[in-house]
Amino acid sequence: MAEFKSFGSDNHSGVHPDVLKAIALANAGHQWAYGADSVTHSAIELFRSTFKAPVEVFFVFTGTASNTLAIRSTCRSFEAVVATTIAHINEDECGAPEYNTGCKILGFPAVNGKLLPSVIEGLRISPTDNHRVIPKLVSITQATELGTVYSPDEIRALTKAARARGLLVHMDGARLANAAAHLGCSLSELTTDVGLDVLSFGGTKNGLLCAEAVVFFRKDLAESFAYIRKQSMQLASKMRYLSSQYIPYLADELWLKNATAANAMAQYLRQKLLMIPGTSVPWETDANEVFAILPKEWSERLQKAGPAYPWDVQTGLIRFVCSFDTTREDVDRLFI
Amino acid sequence: MAEFKSFGSDNHSGVHPDVLKAIALANAGHQWAYGADSVTHSAIELFRSTFKAPVEVFFVFTGTASNTLAIRSTCRSFEAVVATTIAHINEDECGAPEYNTGCKILGFPAVNGKLLPSVIEGLRISPTDNHRVIPKLVSITQATELGTVYSPDEIRALTKAARARGLLVHMDGARLANAAAHLGCSLSELTTDVGLDVLSFGGTKNGLLCAEAVVFFRKDLAESFAYIRKQSMQLASKMRYLSSQYIPYLADELWLKNATAANAMAQYLRQKLLMIPGTSVPWETDANEVFAILPKEWSERLQKAGPAYPWDVQTGLIRFVCSFDTTREDVDRLFI
Amino acid sequence: MAEFKSFGSDNHSGVHPDVLKAIALANAGHQWAYGADSVTHSAIELFRSTFKAPVEVFFVFTGTASNTLAIRSTCRSFEAVVATTIAHINEDECGAPEYNTGCKILGFPAVNGKLLPSVIEGLRISPTDNHRVIPKLVSITQATELGTVYSPDEIRALTKAARARGLLVHMDGARLANAAAHLGCSLSELTTDVGLDVLSFGGTKNGLLCAEAVVFFRKDLAESFAYIRKQSMQLASKMRYLSSQYIPYLADELWLKNATAANAMAQYLRQKLLMIPGTSVPWETDANEVFAILPKEWSERLQKAGPAYPWDVQTGLIRFVCSFDTTREDVDRLFI
Amino acid sequence: MAEFKSFGSDNHSGVHPDVLKAIALANAGHQWAYGADSVTHSAIELFRSTFKAPVEVFFVFTGTASNTLAIRSTCRSFEAVVATTIAHINEDECGAPEYNTGCKILGFPAVNGKLLPSVIEGLRISPTDNHRVIPKLVSITQATELGTVYSPDEIRALTKAARARGLLVHMDGARLANAAAHLGCSLSELTTDVGLDVLSFGGTKNGLLCAEAVVFFRKDLAESFAYIRKQSMQLASKMRYLSSQYIPYLADELWLKNATAANAMAQYLRQKLLMIPGTSVPWETDANEVFAILPKEWSERLQKAGPAYPWDVQTGLIRFVCSFDTTREDVDRLFI
């Protein structure tokens, strides 16, 4: 595939050169293992300044792990997660949350990819009916699985509703960078400032090699995480090679540069798609994903030109994802 | 710590430059995710030629994951693992095997770090007594947790005994390279040829950045592994950065060069330690680990000179581990 | 509460005298434990003649266990259960299926309490997409959670659709007796004859003390059940006191007598309720449960007269359940 | 088997007539389900007066469940249980504790069936080493699996040692009644007074039909137990038939009468066995179990006369268990 750029997913792209440089830089002599090294300390400090809060940060290997362990550290097995039915945790992680935590995911319909505060307000929660699981954690995805973005006010409304019902709030931030780039917000404005409890901060989809961070905004929630991470097979021995990736990502705002570039190409692609007569784009393209229903002939042609993901075979909905290194030429090539 | 070399563990060392080069080389354009890329295909082919068998190979992130998922793919929850009490799976993985598989580990005393065939022969196995778990998988560690090495004949005796009782055999090969280097054997002579069913083939402790491989010698045992790996949060999206590490490792015999170097330094260190009057070295130094009980003064002094691991506080037993990049000067510096 | 009969649930009623007699009869001297006793052998033979098939039968303690272990014995952790959102396994078992099996339950809308074959036909099943769980088991409830009943043809349509997609079919038969009584069918006509794979055959809600049976129509599915039952803490040591309950239940058709009586009272209650102006009964009363939306004044009055279950606080829907020992006088008393 | 009494296990015997009477008495009209009934309230009050403490009590179905859920409610998955290798939880529950809690059991050698305080004192406990599970709960069996009995002082020494290391203490009291009968102690003297945290109080082996109780001496440890019990499939709907069994058991001291009778017969049997030349009885017969190594001819003869359990085929050690209804004639019959 290496000859052309893929629009199939943002994990088809590679690693930003600055990230490889940071890894090479971290490769100096011996270091303590398991996160006791100086690189990891520096990375954690960068998280604290970036999120403008004394967050607890733990690096893990995959987005699925990041989400699952966020659940495992906040919910007991008889407590449940409230999410949209299309949430990554509900549909795309092979049941990892249920298998690894025992917790049930309560799926609710998404509106434009988003969970509505009214869902939280309407939850049936009994503190004594032990026949039902107890809703405990609200999980939202930013940007959503449909490429739309929650505004800070929308998140605030959700965290407020959650707080009122005694629930915690988790954000699957696999594409948080793209959301922030779209909104022109800082990362802290979309997390710390809106009352989040725990964040899965993705990196791999935005130019990192392989690194995800679980970020706790409440120290008490992180108390057992070191054990949970080890027992769930997510503790890297040579941690510096995970943590170092976040150094240019945060210190040099690589997260923003990469996300801005990917988002811009998604806008450009959207415009090009809309020029095809008969094309429908069912919702906004806030981040780096474009969803479109195309005339059959174009659908086949575009998928041949570069891989894209057939989101819904029934309706013909196709997902195109732009990466940090997608160029105008890559988009144009789709239409030649 | 970066100024000096550690003897605390072989995961204190960094990444061999050839491995970083292979990663950089893999970073060319877009590739399919989740292992469908050409780099991963090449790496798997290298495993097949190296192990001289049509093995099924899956890359995961940690040694704990590699061992745990080998168990999960061969044992049902009511089947048990037979290992030494000092096995890494029994003592050093925070209960990950039990937590993630439900399986019990039956621990037996190690002799020179090794499991004896008589343990297998003496197992109480009933096919109908459902009050007891059913022994199903024998797990041995090569090189052992004590730095000793099983000979091919010793492994053959174990796999034969296991076969006779209807058991499968797993090898925790976190330091298999060091064992092979010590014995002058090829990797296949220590695995394929001696009747192994599944191998956790380590890399991280021998100069890789972060890559472990689960290698199945029986296709049927691997049937569900793709699902198990995903559900257990061990599926890398950008797989090429894991698999590429194994390319110089296998193609250029980097495994052998690194392991030979580390082993040699362990021998050199052992000789130096034995020159201290009153030192006792309780067993052979076959691989890259030296265990010694030292006079108190020397014990403190050596641990100050460079980190080493206090294996047993009671007896004063200290473990020194040499890495692929440990030099004579590094060893000498301990004694200055 | 003992002074009046409850309509809150059919587990508010007690034990049929014949069942207590059977238990007392089983209490003769010593017997082998764990199911190797003669009473259990007789009970199992009765199941085989009743279901007209060489079924494998295992007694457990609760309906939740019966359902959960049926799942555990047919699905691997990455395989999923297809059910209605209102299924007992989905809503009323405190997440026991997920916790004890790791499996995900895929919930689909119920129509009149029932799962439709079109749901099965429309399932997205990929044998290789390891990001999604694999649908494996269809689970239906007979009588449904809403008191409606699947006809044999309706079940046949479901098992046929399931077979066509490679799925197994489980029936939560907590109230199978009531369904059979309603339809005038034998138990085998509703299970063996319509292609069921595994049945949770309830007893406790229909006059037994505490006994549920997991019935396998395919021997191979039951292969590990003895171990699964023990490991899941459902193996009774003095098994004869569980199995003996099924002896009058099956041999004397107590299941039918009890269910017929309960169903008749539900019909009688339904007629009485419909005489209250403004009452709406949203669906058929096939079995022993009546659902009604009542005028506020009547709703309060009836719930005061004898406990009934407020099914949906929003809509005011109330559930009344009749038991094997509910009498016309008990129903009449509600309206005095 | 019904013609003769078994010495194979105390669950080969049946139900004491008083217990059946209590069950029949509880069978009066309708009652709230799931433990909200008046019988269960009374039973719980009896526990509080018997144990002379405001204990929290929960009824479950099996001893394995009672032990496993005691662990599940006191240990997180990365915390471990300290027990003897021969503990029922370690050897005889098909891995239920590990499967259902994820926790590791750390097995230590038993001395006369007992765990020694020195084991607790010598535990390696690190609050930060997340590679190892954290010992959290000490579990002892009273009477032990070998039929010996801990004195109150012995238990006190264990709870004191545990407290000093920050550990909780659980007692598997499957045969606590027999221990108390032997010692002439009240139940509270062996539990409340010696600093126990949680007790699995057995009944089934001592004349009940099927009832075990988890008794918490610390309210906070019981906080989530209602959910844990339901999710672990141990919540009886018609709870009164479990709880009622404990009413004669505690109110009329049936536990003591039954246990005293069984213990006396074990003493009588022991004397008879010791009269056989060449017999060796390797430890005290404190409770209702006699262990003996017999001359081959006698071994075969006695096992033919009435089932007994071949404890260790290698050494020829046989276990004889006396039940509440074992008579002198039953014992004598063995020797005819």
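Here the chain labels run A, B, C and D in written order, and each chain numbers its own residues starting at 1.
We adopt the following convention: a contact is a pair of C-beta atoms (placed from the backbone, for glycine too) under 8 Å apart; a residue touches a chain by one contact, two chains touch by 3 or more.
What you see is a predicted model; the values in this text were computed from it and never measured.
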Topological distance between chain A and chain D, in contact steps: 1
B-D against B-C, pair bridged by the larger set of C-beta contacts: B-D
Same-interface partner of A-C, chosen from the options A-B, A-D or B-D, over half of the pairs matching: B-D
Most widely separated chain from chain A, with each centre as the mean of CA atoms: D
Averaged-CA centre spacing for the pair chain D and chain C, given as whole angstrom: 33
Between chain D and chain B, distance of the C-alpha-averaged centres to the nearest whole Å: 41
Separation of mean Cα positions, chain C and chain B [Å, integer]: 50
Sequence positions of chain D contacting 2 or more other chains: 77-78, 93-95, 99, 102, 130-131, 227, 230-231, 235
Contact set on chain B toward chain C in their complex: 76-78, 102, 128, 130-131, 134, 224, 226-231, 235
In the complex with chain D, residue positions of chain C that touch it: 1-6, 8-9, 11-15, 20, 23-24, 26-33, 37-38, 61-65, 68, 93-96, 99-100, 204-205, 209-210, 227, 230-238, 241-242, 307, 323
Residues of chain A defined as touching chain C within the complex: 77-78, 80, 91-95, 98-99, 102-104, 107, 130-133
